[in-house]
Structures are given as C-alpha cells and as structure tokens.
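Presented below is the structure to which this report refers.
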C-alpha cells in the first residue's frame, strides 16, 4: 500500500475495485466505515458481483470480468473531457511535461517496437526525447503534442462512455455516476483512495490495470496525500515481507535483482541496474544500487565477498528467464524438474489447470512438504475419487511431509500491507514433533553443507562461505536473523559531509539505509528493512499506539519500511512551494527550514522547495510516471485487451488487429494455448475468488470456519439460472476446456447479466475454498477450470477472467 | 433426556424412594444457580499477529498456567488486541476462529514419508527425513548444476529443483530460506506473491 | 440466586416472590447497526469460540446462511435477504444482513413462560440469562419468546441462547461479538449511550437517502437490550422476518397469566366446597335406612355389564361387607 | 351377611384405577409445571427434568387406559330425559333428599356429565400434549400452534382436575361407593337408594325407593 490501513479513515471517496475489502480484509474495512461515519465519505464498488463490500457501498457498478482497463480508461476520459484534473499537482509531481521521442506510436492497439513472433516489445521507441546532457526534455506549458499530457489525452480520447459501456457491460448512467464521484476529488481538499487486490492482479494485463488506477489517482492529485493512494490489499500475512525479501524467481532482497546471462561481467550488471537521473532535480535513489548490493553480499558471504571477487558476484545464479509457477509446472510436466519443496503452499488447489499440476507433480522424483496442516498437495498421490482421480501405484514420487509450527508457536516478524513489520511472540508448544521453519531450513542447510564438506561436489564454494554465525547453527534465532537483515557497520562509518562525525561505529546495528556503503564496510541482508532492529532495540516490537495528529499516523507502533515512512510519496501532499494542499490533512510540508509534518518525509529533509527536488525520489524522472518509457512489457500506457478466454468474439476497442484481441506481450505455452475454450462451447464468463468466511484452503481444516461455510457452491445469476432450469440449491456441473467441477448452485440477483453490445454476457462466481482434505464437505479445486496464462510482467495467472459452461449435474 | 428401558425401571424405583424421602424432608437442595465463571481469570497472555490476511491484526493468546515449567501452556482462547491501531481488538470470522487452527485435527505432528508407489504414509524420525532430503538435493544439484551456459558464460544455476516459500512464515524464516536457496543456485523459487 | 454479586437479579422465572430490588445498577445494551454490518459472521465465530460451543458442519442449500438457524450450539446467526427498496427517489437493490439472536427483552416472554424456578434470570443490567442447571427442558420458553430464539438441545434437553456474555459483562468486559465486530456494527454500553449512538447513525443514514432509517427497540416487549439500527425501520420484516411489533403472544399471556390463579381457584374452591358440604350435609348412607322385606332374601344376582362374568359365581368375600 | 349386587367387573375396576393412578401422577407432575407454588412436587418424580420427562408418558398411559374405559361405560352414560329432571333437583341431591329425585339408571346426570367432560378433556390433553411435547414432536409444529396447545392443555387439565375432585368427593359422600369401585359390589339398599332403575334391571324386583311408601 502507498498509504496504510488506518489512513483510509481520512478519505472522502473510497473506490473498491478489483478487490472485496469487506470480505477479504474485514478489520481493515473498518476504516472505510469510519470514513463513512465520521467524514461523510462515499464508498463506490465496481465488481462483477454485488459483494458484501457492495452491500456497504453508496454506489455499485457491475462490470464484465477482465474489462477493468476500459472502465478506468473511461473515467480518465471523463476527467480530461470535463477538465476535472488537479493541474497544479500534475505539473508539480508527474511527468506530464516530459516530451516523448518521435518513435513512439500506437496503432490498432499495438505499440511501436512489437515483434509478433517473439510476442515482445522493444521499448527503445518509447523513450523520452533527451537533451545533450542526457536529461529528458520538458514543456511546462503542456502544449507540445508529444508531451506526455497530450499523448495521454489522445490515448484516452478513444475510451468514450458509450464504448466503455459496450466493453464492460456497465449501464452508461451508472458509469457516469462513478466518474462524477471520482471527479469530485479533483480538488486539493477532497481525496480518494483506491483499495484493490487480486481482482486486479489476477489478469493477463493485471499490472497495467493497476497502472491505470495509478494514472487516475495522479490526475486527481490523490497520491502521497492523506486518505489517498494506490492501496494493494495483500493476501497473506507476510506476502509483503517475502516480496520485500526477494523470494521470487529472479529477485534478491530489497527489490534488487539477480544477474542475467547477459550480465557477463559485474560492471555490466551494475550499469544495467544503476539508473541515471532523467532530470537535474531527480533524487534517483536507485542510483545507490551498488551500496545495497554490496551490503547484501557482505551479509551473505562476509569475508568471502571482497572487492577482488566483485563481492562474490559469481556466487549468485544468473537467470536466462524467469521461473514463475506457470513455467515451473510446465517444465515439471515435461519431466525437467526432479525435486520440489512446498513450504506452506498448496499448488494442487491454488495453481491454474489442476489436472496439469497433478500430472506434473507425478513426474517429480522427490517432493518435500513443510506445513502445519495436511494439505491436498501432500496427498496428491492418493486417489480421492472424482476430487483427485490418480493411480497411486504409478506415482513414483517420494514425498516427505515435515510438520511445521503455526503462528502461535513461533516468534518473529510479519510485514502487513501497510509495510509495518510487527513482532509476535510464541504462546504455546507445537504439537507432536513439529519444528519452526528456521529450524527446519537450518537443519537442512547444515546437513547439505556437511555433505559437501565430506563428499565434495559441484561448485560448493557458496555453500561453504555462506555466513552462518548463529549461536545454534541448526536453529537460527529470530533476533539474530532480524539483526542480520537489518545490517551492521563492519567498520566506522564516517559522515561524508562532516568528516569528523561517525555515523555508526564498527559492529553497531545500522539505524538507516542512508548509512550503507558500497565499499564493503556495511552489511545489510535487506536494505529496505534497515532500521527494523537497531542499537535502540527491536523497533518491530514497539507498541506505542499514540496518534498525535489524529490522522492515524502511529509512527511509534512497530516499524514501517522504508525508515518508518507511513505514507509513501508524502512530499506530494504539498505543492511545489511546500505548502500542504489540504491544511486539515497535512502530511509533509516545508516549514521554512526543513520538511516536517506527521510522517517521516519520503524526501530529503533539508531539500528546500526552490531546489525543485521531485517528490518521487525512486524514479529516474523524480516525478510520477503517467507515461512509463521502461518497466512494462506491454506498453508505456495501459491499453484495454480482452482476457485470453473471453465471452466476446471481438475486442471492441481495437477490432481491426488480430494481435490486439488479448495481451500481445503475454506469454502462453503451446500446450496451454491449445486448451483455450471458445465462446461457442464455453459462453459464460467466470471468475474465482474468496469468501470472508474462509482463508484460501486453510480454514476448511477448522471446525469454526467449516461450520459457517460448509460446502462448495457456485454463484449463478437468476436470469441464467432461469434459462438453464437451475433452481436454488441444485447441484450443477461447471466445465471449462480444461476440466469440470460439481457444486451447489446459489442462484442470486447479485450477479446480473450484462449487455456488451450485441452479446448478453452471463457471469458465474466460483469461490475456491474446498478440496478433498479438511473438515468441510469434500469439494473440487476450482482451478480445475482456470487457464495457465499469466500477466505479461509478473506471470500472475488469470484466475479472474475465463469462460465456462454450466448445466444441471 | 429420553427414556430407555433400563432408565425406566431405575426411575420407578428411584421415584418411589425419592418421593418417600421427600416426605421425610430430605428434598434435594435447589442447585446453586450461577453464570459461567470468567474463563480468563488466571490465564497467561501472549501478543501475536493473525497469520491470515495482510491487515496484520494484533491478537492476544490466552494460555493455561502461569508459565510454570510443569504446566504445558495450552492456548484456550484467542481475542483481538485492543491496543493494535488497525484492528483495535476486532477480529474477522477467520481471526476470531484462530483457536481452531491451533487445535485443528489436520495439524501435522510427525515427519512422514510416502515411499515411491506406496499408498500410505510412514512415520519416520526427523534425522532420517532431513538426511534423505539433503541427499536428494545434493544428488540432484551435483547432477544438474549448470556452471556455464551455451555461450560459455558463467551462470552457476540449478534449475532442476524448486521451492515455494510460505507467505505466512516470518521475515526471519523467509530471509534464511532465501539466503540458503540462493547459495545453492536455485532459480525455481517463488512465494504466494506470484499468485 | 446467582453467586455473582455484580449481576443482581431483577426477576427469576417461576418465582412468585420478587427478587432483590435494593440495588439500581447500570442498564446495558448491545446496538447492532445493520447499515454497517458486512455479514462476515465474525460474531458467530467469536461467540462459539468464547462459549466453547461448535454446531454441526451442515450443507449449503443455496444461501449464505450457515448454520441455517439458531441452535443449542449456535447462539447467533446471520440472516441474508436480497431486496429492492427505496433509496432517495428511486428503488435500489440491497443485500440486508441481520445478526439474529436473543433480544434480551425488558419483558422476556421466555421468563414468563418458564415453569422452573431460577432457570431464567433477568439481571438488573437487562441481561436475560438461561441457568441450565435449573432448566427442565420443557420448551415453554420456545413458546414464550416473541422472536423464536431459545433452542432445546437434543443432547441434554437444556435450553440455550445468547447470554449477552453475562460472564464477561459480570467482570466488566464487553461481549465477545461486540469486541470482534470488524466494522464496529455491534457496539455495547449503557442503553442510554446506545440510543444516543443510534440517533447519530440515523442522521447519517437519512442523509444517504434512507428516509425511514430508525432505531428498532420494540415497546411491545418493553424495549430490548439488543437493539438494531435499520435503514428501513418502517419495514423490519424485510430483514428476514424481524417482527414488526413483537410482544408476548396473547395465548401465552393467558396461559401464564390469568389461567394460573383461575385454575388454582377452581380446584381449591371445589375441594373446599366438597369438604364443607360434607361437614354440613354429612354422608349419604343407604345402609342407615330401615330394612325392607326384600332386602335379606333376594336372589344372589351377581351380574355386571362387563362381558364374560359368569352368573351366580359368588366371588363376594363375606367379610368384606360387614 | 347382606346379599350383594355386582356393579363393576374386575377388569372395569382395574381399568378405572389405572386411569385414576395415572391421573394422580400426571396431575401432580402437570401441576408442578403449571404453577410455581407446586414446583416442589417435582421432588416426587426425582426433580424438574424427570417430571418433564415422565409427565407425557404417564399422560399417554392415562389416555389409552381411558379409551378402553370409555368403550366400556359410554352406553350407560347416554343422557336421557330423566337426567335433566334430576339436574333441576340439584338442591335436593345435595341435601340427601333422594326420595324427591326421579328414578335413575346406573349413573345419575352428574356422573354422566363428568363422563362426557372426560371424553372431551382427555383427548384434548392427549393431542395438545403431543403438540408441545418438546422431546419428540414440538419441532414439527409452528410456534403459534404450540402456544394454543399449551393454553388448551392447561384449560383441559384444570377442568379435568376440578371435575375429578367433584368425582372423588361424591364417592366419599355417597358411602360405600368407593367400595363399589374397589371390590365391585354394592348392597341392595345402596342400589335401590341411588340407582333404582338399575337395581330393578339387575334384580328384576320392582324398586320402591326407601322412605317413599
């Protein structure tokens, strides 16, 4: 989240789209009801279903699954055509004035630089026009036809209300009401917050949907302000933490990246990942990449990482491509993966195309499960009739199931959506012989290291040299690990501006990542977390919940990364001159000497307004990127494309170009593309999601939750049900090109048929909480139906938009 | 309670006896009416965070005993932490049911292995389980480690064994897992952020 | 009599004498603001977790209402209704979700109907509580309650319902469902505070187009210690059958009201009349009349209306008649 | 030893006393649950819960036994014109001036009315009792029906008890009547005095009521 949970109470308008906060984050949703009760805020929900969030909304708009970019593009069109823009904010804090190079173009939904075979773009043509010093040219008057603002206007001129209504199926008048309510926050004294979750990420153009939301918020001046922001409501208690710690295929901790094959030399890697500022006044904080990287390598390899061996650069694996879960299980399906470790994860239920996942798992030589619960994946080799029809004797996988502790039996920190690292304590002994995760990993690693020491083996150096200074080698303690990722001074750190002052003495825990060095004199396992465990103690365990400014800024509760900033880009809560947009909701402003306020400035504290330092310190531009020349796989501006399985036969935005029907840059393997359903056999749009009573597949193992939602069901609109002769409570069979499931039908008025031009689109809801294990009634994995195709940038599977057929069972 | 045959006869004899007793003034005292005793009166409180969604609600776990050595601290109740600035003591239907997670009959208790082709779990010791896994991993790494790519550049990667890390494990466990798996050269490595 | 001093008893079931009246304690109330309720069932789970009760894992019959009804191990349950109602000028689709459970009436129908002394207590703070040790499992409370809340367990034939967490309130804590409610739809405090809070909420709801928003605190049962804020207070029945003007049914009123003294009187007077009649008129003894000639020597006719009785079979025990 | 006339057969009497005993037990347990003053009567049945458990079963015994009794006695209880005459002379009945009463058969009008009251009350008790028998049947009935059943049950029970009190008193008041139901036989005098037509019927003697010649 750019802001945080409690800050939602400061909002005047709340848009919940691509998420269902009332059901998936009820205690966070409290702050929506607080905003409604105490600020007269208005809640609007845009969702294919009338969810329990919609039950609380002042305005609900139905939408066809997968057409979010068209909807948001339409709102942007409305803002521009009705001049409902916060122009001062746009000029001060966005790259609207930047001038784009001539090479850029968009025709029939395809941007310049597209290679049709490789389904890849070369972003070179999207770059800014640079001056002789390498800085981007700007036109403060915003008149230049190739400045970002004009290109944006031109781009979204096509998203007229009528076309949006035809693509999304949302009635025009309802759509206009959403636009008016959003437009009402174009003034400095009214802010809108957007709360989204997997409803936006689970698409083949998920990242671009989120960028469209960000553009919308920037045009309204709602980023970096109290009650504003782009707020991703993360799914798991520590999904934010593990993302920050770089537990993703090509990542390193702190959003650093692993080297590629093409980074043959250390300098290639460094130059590729250390950006140059695009404006003279841009902080361009990523320019400190070497400090973070070297500190990481010192934390991991200690003395073995020296300047001479480029800080143990070759100890890091280089990647030829990402190994996301769709690619992984495709390789596994082809027998190219021998071993797999599932720690607290249930792929058989949560990955797309369950039959393919099951077939892939059967090819494994060994599978290791580390989990507190008995999951479906651990029993993938058992035949459970229609719910898991496999031949046990033919499956040769050796499966190890290791019992781990649950939250109550372990100590450590979790990072929530608001980037708060919160420490928790152990309250009970684990059942039986269960062990904590650090102990299991510690035991495993020390044995592997011992085997390499005894028997030798291939490239043992990184295993031998990995720092392991834990008092109990087989069971590293949470404090030791927290101190390691926080980072230490390996030598006295001197203040570059004032040579006599020592910022941190040798051996001390560092207080901020500003003290990190690229000369090997500092270590930090995860630079964004520096400041979590300092000489002043465990900041994550702080419990002072005082809120001195009444804006919900509880800076002394736990620790928020980066350096306890609670609202990111909070300098943008003031104008160019440093004066707050809204005097009643001040975040960070210039008080004549310093940038101060109710939050730790996301900005150089002593940067005076005259210096014109941009408020977005991590971008090379120094300001927010309406137009993104780099970073996105499918284009600098979000464009609407259909999901890979769409009930429509044509993309009404770009009917002319075959490649522009769905995301031209999304990767899909041949065998998965062959299993895409056509509207003729599978006419109904479907989306899979979670209910408030259950947490994914965990809580079906819990009696309390099994009672309140005992049996698998699908939600069917009453019009479609009448057509198909399905009565409420009947058993129905839902099938896609990849398989079928059976469940009870909940016939409801909360799912309406949508008119998308000449096609009437029915939508079906598929909650995914059941399986062949647990206390609740046995059920099917809903992902038996979902397609194996992911977002072009993150490869997050398209769980939220595919097509199915339905009939009485 | 419903009458069955054995109870019927027992009743008749008791009824006769009982009524005669009543006549002699020995009527059973009206039971002491009492609301339920407050069950948290002497429990130990431990602060924790709900493991489910990313609101990160604060919870208080009440466990038996006062941490005396001989008393195993069993959790008997979990409630919201009123001091936590986000949930202020509230919990959603999942958080409010956390006790059933700690107590779930599906909790795994012992390391088990399913041998190739077998159709049942076999309980094994931690040592055996970890040794066999370590051997599997080393064997696969040694067999399939890619030191150089087709062009001959150093890549040092191992892509034939992968891992999915738990998004409910702590930052400390996550950091250690990341550090260990990268030291082995693992690229097939993800967590729930991917889905 | 309850051993918890802080919960003084105002009224005991099946007890003709008044309970202790000396102390005046704070009257508490739980306010359920349906307009803020997201139907997440956290209150159901918190209630079952606090009270250590778990209903059965049922089936889905096509609705979200799980469990389908209150039960001996389900003391509160969410009821879902999909309706079209007026909002401002035009009709709008609404998903009304109401937390059902004991209303803790000021005039509790259950307590009035209960035949067992001390099985149902009304404390001076307004809580109506079932004391299961004294419950005889007759089910009268089910008949007495205007909201159909009490449930009799098939397992132990005891009556169960929401206790408004009398054990927590007794030590000064708020009920478990109140504490856990994520959106603060359920609030707890003095009845006075809750009425004020409800008034604030009604103002906000009226501004959002719900002209008939109001507080549901039915006078028919003397007001309740569980109150609702409803967007459509003029039509409570659309909230899955919330009674419009609940009160103790006339039939129960009769049965547990006038019938009792009337019946006692009838039986008492009959017995007394008989006794004094006997005192006055004395026995009617045919044997006291003088003998008649036919008396002594008539034939021994032993014949009765019963079948199979053989004539003349003397079965009279001579000693009997003397 | 005076000669006797058979008034009730053995099975009549057994049947009657089964109903009577069941009535007492059902009555006491019913009253225990009807009025708080009587709640201590639950002690006779081993406590409140046992009282609630046993009452319906006892009620069923009473009802079934009464059905067979009704089959036996209903013919003698059909109202005839002379009964209404008898009723008009109630003051004479109550002051033992039987001589002024018309000649009546096996049962007088009071007894007949009681019989028909029972024929109404007991089935009502049975049906309404089943309806709100919480353990087995109550769940199948809507609550308003249960409320009505409870009320009718109370009304029928009160009527029944009052009626039986009169019945018991009458049996004590008219001497030797209890003996008639216990041993089954009455003396000639008793029969002639109280039930002359019945007397004539069983003995073939013209019955001249005592004190009238």
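Just so it is clear, A, B, C and D label the chains in written order, and each chain counts residues from 1 on its own.
As a working rule, contacts are C-beta pairs under 8 Å (C-beta built on N, C-alpha and C of every residue); 3 or more make two chains touch, one makes a residue touch a chain.
Predicted model only: the values in this text are computed from it and were never measured.
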item	value
Chain occupying the middle, per Cα centroid	B
Two chains sharing the most C-beta contacts	A-B
Separation of chain A from chain C, taking each centre as the mean of its C-alpha atoms, in whole Å	53
For chain B paired with chain D, centre-to-centre distance based on mean C-alpha positions, whole Å	67
Chain A-chain B separation of Cα centroids, rounded to whole Å	27
Whole-Å gap between the CA centroids of chain B and chain C	40
Sites on chain A at which at least two other chains make contact	26-27, 30, 692-693, 703-705, 708, 775
Interface hub residues of chain D, defined as touching at least two other chains	47, 49, 53, 135
Chain C residues counted as touching two or more neighbouring chains	40-42, 44-45, 49, 117, 134, 137, 157, 182, 184
Contact set on chain C toward chain B in their complex	1-4, 7, 40-42, 44-46, 49-51, 117-118, 121, 129, 131, 133-134, 137, 156-157, 163, 166-168, 170-171, 173, 176, 179-182, 184
Parts of chain C lying in touch with chain D, wherever the complex brings them together	14-16, 115-117, 134-140, 142-143, 148, 152, 157, 249, 251-252, 254-255, 259-260, 262-264, 266-267, 270-271, 274-275, 277-278, 281-287, 289-290, 292, 294-309, 316-318, 320-322
Chain B residues touching chain C - in the complex, by the definition given at the top	1, 30-39, 41, 77-80, 82, 87, 89-97, 99-100
Contact set on chain C toward chain A in their complex	36, 38-42, 44-45, 48-49, 54-64, 66-67, 74, 82, 93-95, 97, 182-185, 201, 204, 207-208
List of chain B residues in touch with chain A within their complex	44, 46-58, 61, 63, 72-75, 78, 80, 83-88, 90-102, 104-117, 119, 121, 126, 129-138, 140-142, 144-145, 147, 149, 151, 153-180, 182-195
